[in-house]
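Take a look at the structures below.
There are two complexes below, and they share chain A, which is joined by chain B in the first and by chain C in the second.
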Partner chain A sequence: MNTAALILTALAATFAIACLAAAAVAKRRKDNIPSSRERLREAYLHRIIRALDSGGRGAGKIEADTPRRRMALAEAMHLAMRHTYGSDTSVLQEAVDRNSLDRFLLRRIRLSRGSRRAYLLTLISSVPSHRDMASLLVRYTRSRNRDVRVSALMAVMAANPSMAVRALAAYPYPLAPFDTARIIGLLRRGLLPIAFEPLLTNANRNLRMLGMAIVRNFGIESADKSLGNIIASDPDPQTVREAVYTLASLGRPLGRAKIRERVADFTPRERKELCRFLTLAGYSTRAIRALLSEEESRYAEELINSHKRDLVCKQHST
Partner chain B sequence: MNSGKIVIYSRRGIVGRMIADMVGERGARVVCCTSTRQTVAACMHERPDLVIVLAVAPFMDGSDFIRRIRFDRRRRPVVYVVSWQHSEQTVLSLLDCGVDQYLTFPLCMSRLQRKITVETNKSDEA
Partner chain C sequence: MQTAQYVILSILAVALAAAAVRVVRISRAMRRRRFLAPETAGCCESLGFVGISAVCSGVNSIEHIENLLGSEYDRYELIVVLDAERRPDDFRNIMTHYGMIRVNTAESDELPSARIRALYRSRRRNYRRLVLVDRAYATPYEDLDAGAAAASYDYILPIGPSDYLVPDAVETAAIAISDSPRHVEALRSAADAPCAIFHRETVIALDGFSPRIMRRIPSRSVTRIRTPLVFRIGNLRRTRIKAWSAIFLLLAPLFTIEALLFDETIVAATAATAAALFAAARYTATATSPDGCSLKTILCYFSRMKEFFRPQKFTIS
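Let's look at the complex of A and B:
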């Protein structure tokens, strides 16, 4: 009896302590009070921004002597690199070399699993590292976990930008739009070269998709002809669909016979989706009528004339 | 070197303070806020030359954020919005709202600093 009472008391005490700890954490979050780890990360971020701003002069050496500090430094570098571009990163490279940050992250990646591994791979993709790092990370691009292999691909591309296209071509899985958006993020930071034309004509589906994403994101109107070729001859319906959307986002005419033929092969749901997109992109009902059926054109007209267009626009913008 | 006043709003405090580090190096006085209420209060108290908003949501939630930060008609702060969104629709809506500049992440530090120096110098001259 006594033992049971003791166990129950111990359990109740543990539960009470856990509740108090959770309440304290919730209060800190509500009051925006940073944890010690966050404070450390912020201190490093402050020094990194100062170093980037001054080109390394007067910022002092960035030291991280414990694993906790190294992790905070890596997170701070990731934040800075993710939000900025065009700065001289040699000062960060020096900090990485001094603190063996890339080797530290590589060891952590080896020991971790799942989303933690993917997070660490994302961190290493922001840390300026040497080219040989790419060969050490390649094996993770074949991981069964999708998040891990895409993060590894980003890290490989960032470590050796001159081999980025080759790394992407060797990637054995089809890229989802979200993955392409992550690669575009690297492009926007100036880490990869923007050479869209060879990508659009490449036999590899992933490279064609990336090429179209570049055209769409940077509004490259001269890609009109290559997109027309993809629509006319590509066997993959998803690639054709992406090419039609890319052409529409550039505001190009869509009334050509080849485009009409390929759009006719879309499922009713895909055609309705395209109809909504064209309406939103500002295509006239006449242009939509040339591409879609009479019934679908009426839907576009309704969308334009009714309050739904406002709703569509607001949904798109928030 | 200038002596302008800047208010920065970001829900993620660390990002706001990172931008403050970028622009504060040039001698401007910078106040960071993590809520729209705080931002409006800071604008009333500090009367800044420039407000940098690192989000799009405050302009879309119907709270009339821009009118509240420009409560004083005689001293109209310049409003910059920085966000990850590239959509043309978003940019046009924000410019319609009265936002002066829309920038997208990632930012070029030197370009942002130069823009801000020009803005704060303009208001100093005025």
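Let's look at the complex of A and C:
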């Protein structure tokens, strides 16, 4: 009995100390007290921005000789890439090669797990690396952790942009809207080519979803016909719903017979949600009446009368 | 006597294990949140067309409204429900500060208790997300019904007078809702300040908000997250008194009985476990809540214990 009590006391005391230590770290983070690595990261960030500004001059002189410094350098590169659209990352290749940054990150990825691994994979997607890196990262796209596998997919696509569509097609899990949004982030940074048509005509669900996200994000009105084809022929109701919403967010006409038929297959709740979406998107009562039933159109009319009143807008005054 | 000692030790071990599991889950959720926060900042569109309308009852200060308007999520709006006759000064302040003008409102037959007197929207482009609803105050639940009736989006986030949004709360909720493979009727944050988001159609189907609403939604349709969405700024003095009284009422008799009946090892084990639970509360409070009050977390432990015997009510602070 005494032994059990002593063991429990020791365990509880250790747990209490660990929790208090973790609380101290969390408090430091919350108070925004920069750690030495964060200060290092800031210093590297200045040098990277100078190197990017001067077209790569000085990138070869960036040196990170310890693991802590390499990590700070990788984080600084990630920060720089996140906040600069269309920067030519290859100018930093010299700094990566000199410090074996990609190999270092790969080693860390192997040793870590969970959100930490996902974070390191996100870092490696911002670091200019060689094409063979893609094949080394592919195995993480089959991870059980969703954050890890999506980050790995992004890293694979960034390492070898010419194979991005193939990597996405081989990805065995359905992409959630947030995953698609993260991939769109890569596109916006100029790391991937934006060719939406092959994606929309592909039978793969993930590719279609990404294609539609591109159309929405870049406001490509010419995708009208491809979206119409998806609505008419795709067997997956989720993809059809996405296509209808994409068309609506572009403000395109929705009165075609095929669209009406597919919308009629929606559940009443989905139709009501669509009705509210169309109202907010600025569709007229007539346009909504062409798509939905008489009762639903009446509901839309009520919404339009309450929500869509024209307001005279003053410019920013606060 | 031996059996009693074993029972006490088992209870302490279970409490310690539960605290450890909670700390691990919270720390995982916070690591994920830290990882996702910069990623959500880069998202320029709504996720899966999920729209969230925050509906406030009892919120009347400009500073509080500013906090609630802080979210940058694309499909988000804030609906402030206030009684212009009961709080004329606050109402006038909001009207002038945000340049509100009266807009049309149709009588909603979806939520009969809504009874909106008037609806106002801001003329200023930067406050387009703000809607002010004037209605005679009866209960906070009827205020929420009025807000839900005026809401443009499909998910309703009820906000009480002491609730403030945690940074990235709306994005976190939208990710959780859009990622769920099945239809989400309600999303519940199991952090220290319990908070729930409801689908508008579910609220209508259940005849509006009520303390029983959470119990009437099947648990398989409720998605749970461990990341906090709101934090509560309440009366700290009252919290302190309540928490210390609860701790004293629980620990004082326990220590006294143990000291009288058993040897000192059992007392030491109890003291160490109590310290571990307090440290776990300290960590949870620091990691999850911007105001980081361990005593509130401890009170939350007690209310969770009550949940074993009686299902939780839906209340807004």
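Heads up, the rule we're going with is that the second predicted complex is superposed on the first by the 270 of 318 C-alpha atoms of A that agree within 3 Å, B and C clash if a C-alpha of one lies under 4 Å from a C-alpha of the other, contacts with A are read in each partner's own complex, and residues count from 1 in each chain.
Following the convention adopted for this analysis, a residue touches a chain if its C-beta (ideal position, glycine included) is under 8 Å from a C-beta of that chain, and two chains touch if they have at least 3 such contacts.
Quick caveat: nothing in here was measured; it's all calculated off a predicted structure.
J.: Hey, is it chain B or chain C that touches more of chain A?
T.: Chain A has more residues touched by C than by the other partner.
J.: For A:R82 in the superposed arrangement: first (chain B), second (chain C), both or neither?
T.: Both: A:R82 reaches chain B and chain C.
J.: Could you tell me if A:T9 is touching chain B, chain C, both of them or neither one (first, second, both, neither)?
T.: After superposing on A, A:T9 lies in contact with chain C but is clear of chain B.
J.: Please work out whether A:N217 is in contact with chain B alone, chain C alone, both, or neither, and reply first, second, both or neither.
T.: In the superposition, A:N217 contacts both chain B and chain C.
J.: A:D53 contacts which: chain B (first), chain C (second), both, neither?
T.: Touch status of A:D53: first partner only.
J.: After lining up the shared chain so the two structures overlap, which partner does A:P67 touch, if you call chain B first and chain C second: first, second, both or neither?
T.: In the superposition, A:P67 touches no partner, neither chain B nor chain C.
J.: Once the structures are superposed on A, label A:N305 by its partner contacts, choosing first (chain B), second (chain C), both or neither.
T.: second
J.: Which chain A residues contact chain B in one complex and chain C in the other?
T.: Comparing the two interfaces on chain A, one with chain B and one with chain C, the shared residues are 82, 188, 217, 280, 313-314, 316-318.
J.: What residues of chain A sit close enough to touch chain B in their complex?
T.: My answer: residues 32, 34, 38, 41-42, 45-46, 49-50, 52-53, 79-80, 82-87, 188-189, 217, 280, 313-314, 316-318.
J.: Where on chain C is chain A touching in the complex?
T.: Residue positions touching the partner: 2, 5-6, 9, 12-13, 16, 19-20, 23, 27-28, 30-32, 34-36, 38-40, 42-45, 47-50, 99, 101, 103-106, 119, 121, 123-127, 150, 152-154, 175, 178-179, 183, 201, 263, 265-266, 268-269, 272-273, 275-276, 278-280, 282-283, 285-287, 290, 292.
J.: Spell out the part of chain B that touches chain A in their complex, as residue ranges.
T.: 13-15, 17-18, 21-22, 25, 34, 56-57, 60, 85-87, 89-90, 93, 105-111, 113
J.: How about chain A: which of its residues touch chain C in the complex?
T.: 1-2, 4-6, 8-13, 15-17, 19-20, 22-23, 26-27, 30, 82, 114-116, 118-119, 122, 147, 176-178, 181-182, 184-185, 188, 213, 216-217, 245, 269, 272-273, 276-277, 279-280, 302-303, 305-307, 309, 311-318
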